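Naming follows writing order (A, B, C, D and E), and every chain is counted from residue 1.
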Amino acid sequence: MPSLSSMSQSQDIQFDGLYAHELTVSRSENVLLEDAELHLAPATITYLYGENGTGKTSLMRCLTGLLQPDDGKIYWNKKPINHPESGYFQDLIFLAHSLSMKNELTIAENLTFYAQLRCGGSYNNKELQADISQVLTDLGIGGLEGRMFAELSAGQQHKVALARLMLEPAKIWILDEPFVNLDQKTRGWLAAKTLEFKAQGGVVLFTSHHHIDELPVDQKVGVEHE
Amino acid sequence: MAKAWRWFHQLGSPKYLFQKTGQWLPWIWGATLILLAVGLYYSLWASPLEARQGQGHTVRIMYIHVPAAALSMVGYIAMAIAAIVGLVWKMKMAFAVVRSIAPAGAAMTFLALFTGSVWGKPTWGTWWEWDARMTSELLLLFLYLGFIALHASFSDRSKADKASAILAIVGVINIPIIYFSVKWWNTLHQGYSVTQKGALAPEFQVPLFTMLAGMYLLFAALVIMRLRAEIILRNQKSRWVMEWATADAKKVTHD
Amino acid sequence: MISTLLKRELKVARRNWIGLAIPLLFFIIVVSLFPFAVSPEAPMLQKLAPGVIWVAALLSMLLSLEQFYRSDFQDGSLEQLLLMSSPTSVAISKIFAHWLLTGLPLVILSPLLGLLMQINYGFEHINHTWVLMLSLMLGTPTLCLLGAVGMSLTLAANRNGLLVSILIIPLYVPVLIFGASTVTASLESLRYNGELAILGAFLMIAIVFAPFASGRALKISVG
Amino acid sequence: MISTLLKRELKVARRNWIGLAIPLLFFIIVVSLFPFAVSPEAPMLQKLAPGVIWVAALLSMLLSLEQFYRSDFQDGSLEQLLLMSSPTSVAISKIFAHWLLTGLPLVILSPLLGLLMQINYGFEHINHTWVLMLSLMLGTPTLCLLGAVGMSLTLAANRNGLLVSILIIPLYVPVLIFGASTVTASLESLRYNGELAILGAFLMIAIVFAPFASGRALKISVG
Amino acid sequence: MPSLSSMSQSQDIQFDGLYAHELTVSRSENVLLEDAELHLAPATITYLYGENGTGKTSLMRCLTGLLQPDDGKIYWNKKPINHPESGYFQDLIFLAHSLSMKNELTIAENLTFYAQLRCGGSYNNKELQADISQVLTDLGIGGLEGRMFAELSAGQQHKVALARLMLEPAKIWILDEPFVNLDQKTRGWLAAKTLEFKAQGGVVLFTSHHHIDELPVDQKVGVEHE
């Protein structure tokens, strides 16, 4: 593929937010998406739906750059996501199925690590610890900061992963089944926080197999397969 | 130049490569058989025996041993080149080539080790010595086997291709390092002069060079056959493979 | 970036302090198997010593690799790290942490092993011990760097801890040869500068290429 | 019951045929590190051979343990197995499969290693090779049995493959000593029946106690 | 606890099905349940609810014998569950969070293993393979029998674990969040199958953080913590 034409294309992109152009994704020889277009505008919440195995997770992994699409380009604020100036990876939080927390560390240590990784030294440690306590309390697991991650229940572990959303500044959230394993109260909390994030101009993409009453969405995108 | 470039690009198309190699293959096999027949005749019957070292008939092992040893190394280098092409120019067919060379290369390495070992018993009185060449050949076998093992341990083919391509490249950087360190290390303790380059009498040269050419072609033929299987495997879903398969099936039922 | 990553590695390791001690213990145990398995006589042991200590160091580094990479891959941390920093810097901090936590202690502990293997009868022989430490100091980082490449390549492969050994050991052989022969030369009162220089050269080559290759491989594994 | 379990182990292994080859390759590679590290001269190698081959066999068995137990624990299969059959029979089938898939091939391959280490110069020395194989034949099942106990105990501990090494190696040492000395005795044309008998006795003791102990430990790890 | 009195107690138990008596369960020093009584009668569906981290999973693990309770006894059809004659473990299927499937095996091989382990040789292999195909087809993943378990989407993997319920004869199902990750259609399928199982006299205990409309329950048990 000649690189020149794609450069010129990148200047043509008129969309703010995340824009995927002619995306083709396949998994072990099955084509999941072909020439798909997707636009996630700032201050919108997009709900990705589809039956099991249609390719929602695969699409998300492409949008985060973890999976190489067969074809197509992905832009963040008009720049290809891999372009150093796009700042995409600074702006992105991706919560996948695997919770990405270390069993051997405590809740606070896990969260501190990710916050510092994103913000460098700019996040004052004392402030950070106070914020962590605050978020955990909101989530109903206050006081467990020093508990080893492995020694939590399924839902509590999930809550810790969600706490990252509150501790790290970002402009786009990509959440793969974020409501799984959560009790009613926590679902409400997450929905409220998502709406707040949207109100501040954030971009949200999430999947869920259950309808979440508390979360009105702006755009529904279905992934259907054959 | 432009023409060569275009040809290079065409080779990247599985269908084109499959058809072309299909055309070449009979010729390559033909030439292989002729050369090997002539070479084996010369080396097994018509060549003189080695008198100086009193090796008798065992010298005939050389005509297999030397080509196999040469091919084992050439094979790995070819693999690494294809791997670079695959990773840098994102050419999928190059990965198929890398994958097809590996088993043939490993087989040649094994053959070199085996013939060398069988030869070593009557000449040196031992099956195995930690001589520089033999040792680096053994390590080369491990590199090949590592490559094959790595490729086989992925269920996702494109991951397998890329990961094992990196290994092939890292391995090729290491081959000279391995060779020289082994050589240096070994001469510290003892030196074997058997593998030093001596003047080879012409009556040994003719069969040796015929066998060399024959074995090179044999290697090419094996790689190409494997490559064709690999192409079919990797393009099962594409239309031309379906057509080729059904056409083939028809041929079979007609016979 | 790298310092945050490093800090976490150290914290995980500290939490799991037993994990830190284990490669060391393994190192000691493998070395001390030889007097049992081969012969407990001093001259024989001394002859074996450089080789055995180096092989044990190599195996111990090799086996601790698994622990340093696999768990990050499995719990999804690796994918988060790759989202937030460049593959090469992830690789560099992993490699550095790995050396700091297993390579360095091993270097520090090696005089003890020399003692076990009768390298060192008394203070007049202290020099050999220094050479042993120096050779390990130059050699173990190379082992870490090469090991990182192998480990990153095998992460997504069907999990099999030994696969990585097979990929890497042929690459380790030159380091092993020069590492052990440095010490042997010293024990035989020969010059060993050449060997040390070569170990240094290997280290340079590995530093230039390995982090990049390992980063690429990490990216592929996660994909 | 045990046959179903065994069949599954074999199927997992067959699927992953490369996984079968890997402990073997590891065995070969570790043995071939020693000529590099110590000395490539035949008399020296021959002297080292029994010890080195036995140490390599031990390490290879030790490291393949991980693969045989850890994955069942992590994906929850172990818990299901314990719901459906008695802990002891789970342990027995695991141990048997482990030996069949790694111990036995290793025994079969050992003559080749003997060759590399110059144990065997020609057919007149074939006897030493037999002794080597016999000692491994009696010793490797014991290693599997003891390994199973250690592995089951450490499953629930923070995942750390090397921890099990530390627990088990002291138990392995007696087997190693008698295994290696059987071969050494044979090479030195001494009688080796006594050593073989002791290896046999170890095996008997291990067979009686290990499956039960391992089963109990599995149960505790899952709890 | 003197074993005599518990023996005599075991003769006193009047309840069929699963009965837990004076159960005390704790996790790292926190007492989760104290002297709890629970009776799951044949042909009933029990819904276990409670917020994240109240102890639902811990209770289930006690009921399956995997976790040792601090105190209390559990009976299956009037016999202690560990009593050889209770046949409890033959009758029980427990689906936990971890799916207990091997990544290196195909779907069919995984399912065959568990079916054979439970039924011994009595399950004719040809029949079993036919049954597996049938169940997978019902679940919408027909034709994937030969696919490696690792190469499935989250929901597809979950479906495979559920297929065990159809392939292995049992009298009690203990299901920890069985509806997680499933699409609407599959949830309906599972609810229908659960009702069928109940109609045949089966005992069902399950948890879920979402209300499943399709599944009317007979008993609701809440686990509340402090």
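To be clear about the criterion, contacts are C-beta pairs under 8 Å (C-beta built on N, C-alpha and C of every residue); 3 or more make two chains touch, one makes a residue touch a chain.
Everything quoted here is computed from the prediction, not taken from an experiment.
Enquirer: Spell out the chains that contact chain C while also contacting chain E.
Expert: Joint contacts, listed by label: A, B, D.
Enquirer: Looking across all chain pairs, point out the one with the most C-beta pairs in contact.
Expert: The chain pair sharing the largest number of C-beta contacts is C-D.
Enquirer: Which chain lies the greatest distance away from chain E when centres are computed from Cα atoms alone?
Expert: Most distant chain from chain E: B.
Enquirer: Could you state the distance in Å from the CA-based centre of chain A to that of chain B?
Expert: Chain A and chain B have C-alpha centres separated by 48 Å.
Enquirer: So how far apart, in whole Å, are chain B and chain E when each is placed at the average of its C-alpha atoms?
Expert: Taking the mean C-alpha position of each chain, the two centres sit 56 Å apart.
Enquirer: Taking each chain's centre as its mean C-alpha position, how far apart are chain B and chain D in Å?
Expert: Between these chains, centre-to-centre, one finds 35 Å.
Enquirer: Listing for chain B: what residues touch at least two other chains?
Expert: Answer for chain B, listing residues that touch two or more other chains: 142, 145, 149, 153, 155-156, 182, 185.
Enquirer: Mind pulling the chain A residues that touch 2 or more other chains?
Expert: Only 28, 97, 103-104 qualify.
Enquirer: Two or more other chains touching the same residue: where does that happen in chain C?
Expert: Answer for chain C, listing residues that touch two or more other chains: 16, 71, 158, 160, 163, 166, 169-170, 173, 177, 223.
Enquirer: For the complex, give me every residue of chain D touching chain B.
Expert: Counting only chain D, the residues touching chain B are 16-19, 21-22, 25, 29, 32, 35-36, 39-42, 45, 115-116, 118, 121-122.
Enquirer: In their complex, what parts of chain A are in touch with chain B?
Expert: Going by the criterion above, the answer is residues 28-29.
Enquirer: Show which residues of chain C lie in contact with chain A when the two form their complex.
Expert: 1, 4-5, 7-8, 11-12, 15-16, 71, 74-77, 79-85, 222-223
Enquirer: With touch defined as at the start, can you tell me which chain A residues reach chain C in the complex?
Expert: 64-68, 89, 92, 94, 96-105, 109, 113-114, 116-118, 120
Enquirer: Show which residues of chain B lie in contact with chain E when the two form their complex.
Expert: Checking each residue of chain B against chain E gives 155-156.
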